[in-house]
Amino acid sequence: MRTEEKGRLTSRLLVILSKGTMDMVYPALMIATTGATMGKEVHMFFTFWGMNAVNKKTVNSMKVASVGNPGLPMPNILGMIPGMTAMATKMMNGRMKKAKIQSIPEMFRMAKDLGVKLHACSTTMDVMGVPKESLIDEVDDVVGAATMLQLGEGGQIIFI
Amino acid sequence: MRTEEKGRLTSRLLVILSKGTMDMVYPALMIATTGATMGKEVHMFFTFWGMNAVNKKTVNSMKVASVGNPGLPMPNILGMIPGMTAMATKMMNGRMKKAKIQSIPEMFRMAKDLGVKLHACSTTMDVMGVPKESLIDEVDDVVGAATMLQLGEGGQIIFI
Amino acid sequence: MRTEEKGRLTSRLLVILSKGTMDMVYPALMIATTGATMGKEVHMFFTFWGMNAVNKKTVNSMKVASVGNPGLPMPNILGMIPGMTAMATKMMNGRMKKAKIQSIPEMFRMAKDLGVKLHACSTTMDVMGVPKESLIDEVDDVVGAATMLQLGEGGQIIFI
């Protein structure tokens, strides 16, 4: 349910993350932490490739796609050369550090400190064969699509 | 307009699908059918690559991208080898079946049974040259962006 | 804050563009201009790869990805051949013209005429090293995530 306090009309924010690349995990975490700082009740739901962001095995090594991404100043044929995804990723990591942006694991800890709730998608865990033990400690619970929609009820939903 | 019954504040859900890959069609259909089960008025709008999902020629053979997808445990150079998109797709289809998830055509039929309304984007059909006869029977109508926004008025919008 | 006039409940629309490809810039601009025509207060926020859309250097040459896009009727191996991204882009530009869709720069001018406000993401500009002088004239200001969420307060948010 929506609470209307201090003139604020939308107090709930649900961020659904379906992508498993660094360049999409960052906006998800930035929006979630900013919303929490503003006093919103923020939920994050990790589904499909987004599960990579809350998997202990992958959270420390999120990547940027080097092919199929015309946003990168690099021809596709170059993106094919082994190591180019690693190079694009390293470049972005360097730029993030230079701009004093926290790492993804650090942002997850900040999100938790700010009261953001993290939910992993039960269906994705079934389909991908991800055991509960693989999830990072910051994850609050494993829920289905119905619970996820209830968490966003009356609020704004951002699907990334 | 929004109806407020039984304490529910958001009774409308508009899911816009702009992607043409299996891994994005599934979340769209899962969210839409779950919302309908919860009693929401659900609309789906198919635009740009999302048109593939409601095209008779492609609905039965939706694919997963094998390159430019660092979410897949596969280097880009491998994704290039002819047949790898087919293999990634086969793998996901197999996992979906094992987890007892319905096929995409089955989910469309379920969506219709639950009262979800399906709308195809008129501009995309013009641009892509898709005739009305190519659309699957579950599509209710062909509408423009203004009608689409009206269908989501007062509700939540999820852009996939 | 939300205004409720003439029976309209959702008068605000915030379109966040995080992708830098032509096929995602178009839906963003079409939704924004349509919303403005319907009388909504529309804001666009350009972040991550979406910054390409408001950068003078790239706005006139937005591209369509030719690999990692199973929505295109083209095998990945073909997408790799130098020039294929250019060819896919040319094809889409041709189709857009044939369907009498305005060019991206023309749509930005129309958006401004309709009162749409354009905001560039300050963090992205820091990270990517984009100077303010590179932004197209239509951009109103450079803001952070908190201002962006305030612009969407009480309204609908579409993340592309």
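Note that the chains take the letters A, B and C in the order they are written out, and that residue 1 is the start of every chain.
The rule we apply is simple: a residue touches a chain if its C-beta (ideal position, glycine included) is under 8 Å from a C-beta of that chain, and two chains touch if they have at least 3 such contacts.
The structure presented is a predicted model; accordingly, all values stated were derived computationally and were not measured.
Asker: Do chain B and chain C face each other with the same patch, meaning over half of the contact numbers show up on both, or with different patches?
Answerer: The interface of chain B with chain C is built from mostly unshared positions.
Asker: By how many degrees does chain A turn when fitted onto chain B using C-alpha atoms, rounded in steps of 5?
Answerer: 120
Asker: Please tell me the distance, in whole Å, between the geometric centres of chain B and chain C computed from their C-alpha atoms.
Answerer: About 21 Å separates the centre of chain B from that of chain C.
Asker: Check each residue of chain A and list the ones that touch at least two other chains.
Answerer: Each of 65, 67-69, 79-80, 156-157, 159 in chain A touches at least two other chains.
Asker: Using the touch definition from the top, list the residues of chain A that touch chain C in their complex.
Answerer: Chain A residues touching chain C: 7-10, 13, 23-24, 26-27, 30-31, 34-35, 37-38, 40, 65, 67-71, 75-77, 79-80, 92, 95-96, 98-99, 101, 156-160.
Asker: If we count contacts the way the header does, which residues on chain B are in touch with chain C in the complex?
Answerer: 1-2, 16, 18-21, 47-49, 52, 62-69, 79-82, 84-85, 123, 126-129, 144-146, 149-150, 152-157, 159
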